[in-house]
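Per-chain residue numbering starts at 1, and chain names A, B, C and D are given in the order in which the chains are listed.
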Amino acid sequence: MELEQIYTQIITENSRSKEHKYAVKDATQVVEGVNPSCGDEISLQLRVKDGMIEDAAFLGDGCAISQASANIMIDLIKGKSVKEAEHLSNLFLGMIKGEVTDDGQLDELEDAQAFKDISHMPARVKCAVLGWHTLQDAVTKAEKATS
Amino acid sequence: MTDTIKTQFPLLQQKQNGKPLVYLDSGATTQRPQAVLDAVKHFYEQDNANPHRGAYELGERATAAYEGARAQVASFLNAQKEEVIFTRNATESLNLLAYSWGLHNLKAGDKVVVSILEHHSNLIPWQQVCHAVGAELIFLYTGQDGVIPDEEIEKKITKGVKLVACTHVSNVLGLVSPVEKIAARAHEVGAVMVLDCAQSAPHLKLDVQKLNVDFLAFSGHKLYAPLGIGVLWGRRELLEAMPPFLTGGDMIDSVREQDATWAPLPQKFEAGTQNAGGAVGLAAAIRWIQSIGYETIEKRENDVYRYLWDELAKMPHITLYGTPEGQHCGAVAFNVEGVHPHDVSTILDADAVCVRAGHHCAQPLLTHLGLRACCRASIAVYNTREDVDALANSLQKVRKWLGYGT
Amino acid sequence: MTDTIKTQFPLLQQKQNGKPLVYLDSGATTQRPQAVLDAVKHFYEQDNANPHRGAYELGERATAAYEGARAQVASFLNAQKEEVIFTRNATESLNLLAYSWGLHNLKAGDKVVVSILEHHSNLIPWQQVCHAVGAELIFLYTGQDGVIPDEEIEKKITKGVKLVACTHVSNVLGLVSPVEKIAARAHEVGAVMVLDCAQSAPHLKLDVQKLNVDFLAFSGHKLYAPLGIGVLWGRRELLEAMPPFLTGGDMIDSVREQDATWAPLPQKFEAGTQNAGGAVGLAAAIRWIQSIGYETIEKRENDVYRYLWDELAKMPHITLYGTPEGQHCGAVAFNVEGVHPHDVSTILDADAVCVRAGHHCAQPLLTHLGLRACCRASIAVYNTREDVDALANSLQKVRKWLGYGT
Amino acid sequence: MELEQIYTQIITENSRSKEHKYAVKDATQVVEGVNPSCGDEISLQLRVKDGMIEDAAFLGDGCAISQASANIMIDLIKGKSVKEAEHLSNLFLGMIKGEVTDDGQLDELEDAQAFKDISHMPARVKCAVLGWHTLQDAVTKAEKATS
């Protein structure tokens, strides 16, 4: 996909969406992530109950890529199990690293597949993965909390 | 397009996505003219040996090349040869000062003054020394325009200040600092004055006799020279009184099992095998600069700088930082409304226009200006008005990519 | 004469006084093969930008070139990428350790052990730290043959020793140190083991998993790479626990007016703009070495080394230092009876034969051996038996020049 | 002059001569000089009376060039005035630096002119000037002692 298309697709759909931008009520996990290359920060908030993500949202500003990626991520994980979220984040990071390339497998990522070509822009990879890395931290904490 | 200066830079001849490369990040590092690349090649193909170590003819040529480079730097700065210390870069020069001068001259209760404009490399070393010895680190603040007011200098540089470290030119705003006033005031209160010339050396003639400072640092790679070579200049009495920083081969007078004595200047500060190839490249870069002349450089760059400022100022949705008043060189900082600087940089890159986005290693300044990040276009002598046009054209597209109407 | 390895080195094609240059000072610095010069040229002509700073394509190529070089070094050492710190040279690597590990881990009464074979660069930094913190510096002595006896290791490396720093190969005698024994003993008493590989890296395959050391340092310029690039490798846990050494741009996580936090490894130890061109050259040198293979290198060099030793041993009025026993590489040290080493070097130079004369930055070793200075012939993979013949022929003349009968 | 000739001339005449190698009795000035590039040391000893160098000699080992140069220097200055010795040392160092090139002027240096071409061997310059630099120190001390 051309860079311009990625941008167009990403923003029209996601980057300026406010849908998932709020503080989660009674959040069980609030995890901060930071992109050292630009200082952008994200606060990921989950409410997990019985292993299910009842609610998920994020706060913070950042570039279009990080915002859109986080927005799509929340779309995907809300209402899913923590295990499932973990699986998706592994899949996403695997895709970005170029380790998972099978389109069949990647279908699960739905809109997040748009970031596949970001691996050609190493300087922006950190933007695309910011939300997902933060999710991994949150998942680890959620699993610890229940074990 | 066939600018006679630009054609001397092999890297700038490349195309990206079919478009000529427009390099506007010379504040980060410059490109090298053929003359510099050739000089380094000649050194490695003809004269390479370990300087100061071999008594054979080849070794003598290597030593002559290395010490000749020092002489070139010395005359460039209007300084004495022994006062010119080769380092890796400005950062190492400033760390050398912090460790060697700082740790041995500062004590609890002393004050160190820096400006809020500083690059991290002229800030963190002083933070570290101040923490280590219990000294106080004080900032000269600017107004929102990036200018340090006179009162600030009067008020902050007072008795008890032992060292003042300031950048000559801001790497973000391109503004030339009021060095004369700061240095005069520093000396009035008995402080030592350190000038970070990383961003001024490529644009302004430096003369240590006139600058009235005690130490000065710059990097070769921002001055058309190869990476891996930098300079610390210092007043001889001060350098002589300082202990060595790095120790090891070549910086000694004699070594016994439990102690050692040091070589005279400049060797005292040059431990281990030095980057002679880099020094030769720096000397060639200086000769190249001198063949053009700072007068021409300033004229050319001023024209492009003003044009850059004015073109951006004309555009809607663009915020410029700093002020068009006063003396500038190098950098122009800006943001595009509603677009994160990293996205701006990525979008411009699709048009082969290279600008930098981020905090530019000046986080405290950005915080002070109420920013987290911004874009920076920075120019060198090879940049032209055409480069500015390419930037302006590409900037037009940025908001459209992100779905804004205009 | 048309050795396929030697022909790859432009500098070695030159003549001096009409005679082919015979370069026998590779222990000081090696020459560079065309492949290395080309890689550096390519970087500056195509990919140069400030690594880690530009988010545009050119900047990403520069970052990829620099980080790719780190990956190359890591695989060369069988180490992790994050454990590879780029420095200027071995001297800086060792100073980094002395300042960052030493000053923060050593205290009054602790003991540091070095060998009497050390190059000043692996000695003075430890002298300085010991003086600063009040630790004791203890020497492993050799016999007159240059060999460290087992008993010495047992006797000196005991409880209370916190750090052992030793050269892998003596830069004067060419002898390989008993690293396995020293490292095992160091770890037995809980000390950290530092290995100076400046003289081993060009000759012996280094594998940090097998060497059983904690830190290791070498210089690119002794390994067919450009000047101005070196390496410090360290175990991750140790590096992570260490404070930064140089501070400034690129090594930070975030910076406020009064303090800063540090980037993770390896950036924490790489302040300021790094010598990416040098790193690219080092990576090319490693690829070049690997294309020949250490097995071939050792075989070739052993043959020339033995021939060199035997030819000199046959000559009257020549004293060789060290011992022909055991594993050697690189250097052979000798003197000509009745002739000062500097005169020997000057006279050989008239025949275009380059050897080094002096204390070779190992004054305590020379004092220990009862010498003030000696000559050193040192070889690299490009040297041939013909080079040795040229040296031997020229050596025949030395005493005659000085009026001796034979 | 060819390098080999310099060497031949220097050593046959001077470098192994023991003539001026002794400790001066009742020396008024004893000054040490060191060549940092090789560690060679020299001890120059003078007995100065009423501004005249009554006796001069040196001790120490070194390369042929430094030894020969010191030996020729002693030959030249013994019996001369301190002022004259100072003049000669300035002349010698001027010759080495290439600042004094006039053969007429250099004639005063007699045998020491053999070192003229040493300036083509920068690494050996320090050997040739070791004795002369030490002499300059000694002269300064002698002048101070009488003023």
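Just so we're on the same page, a residue touches a chain if its C-beta (ideal position, glycine included) is under 8 Å from a C-beta of that chain, and two chains touch if they have at least 3 such contacts.
Not measured: the values here are computed from a predicted model.
The minimum number of touch steps separating subunit A from subunit C is 1. Two chain pairs are in question, B-D and A-B; the one with more C-beta pairs in contact is A-B.
Centroids built from CA atoms put subunit D at 47 Å from subunit B.
Inter-chain centre distance (subunit B to subunit C, centres taken as mean C-alpha positions): 31 Å. Averaging C-alpha coordinates per chain places the centre of subunit A 39 Å away from that of subunit B.
Inter-chain centre distance (subunit A to subunit D, centres taken as mean C-alpha positions): 80 Å.
Counting partner chains per residue, subunit D shows two or more touched chains at residues 37, 39, 121, 123-124.
Along subunit B, residues 54-56, 59, 254, 342, 346, 357-358, 363 each make contact with two or more other chains. If the chains shown are joined wherever they touch, the resulting network has some other arrangement, not a path, ring, star or complete graph.
Under the touch rule stated earlier, the contacting chain pairs are A-B, A-C, B-C, B-D, C-D. The residues of subunit C lying in touch with subunit D in their complex are 339-343, 346-347, 350, 357-359, 363, 372-373, 401-403. Of all residues in subunit B, those touching subunit D in their complex are 54-56, 59-60, 63-64, 253-254, 263.
By the touch criterion given at the top, residues 34, 36-37, 39, 121-124 of subunit A touch subunit C in their complex. Within the complex, the subunit D residues that touch subunit C are 3-4, 7-8, 11-12, 15-16, 37-40, 61-65, 121, 123-124, 127.
In the complex of the two chains, the subunit B residues touching subunit C come out as 10-11, 14, 16, 21, 23, 25, 28-29, 31-32, 37, 41, 44-46, 48-50, 53-59, 88-92, 94-95, 99, 116, 119-125, 127-128, 131, 137, 139, 219, 221, 226-229, 246-250, 252, 254-260, 271-278, 342, 345-346, 348-349, 352-358, 361, 363-364, 367.
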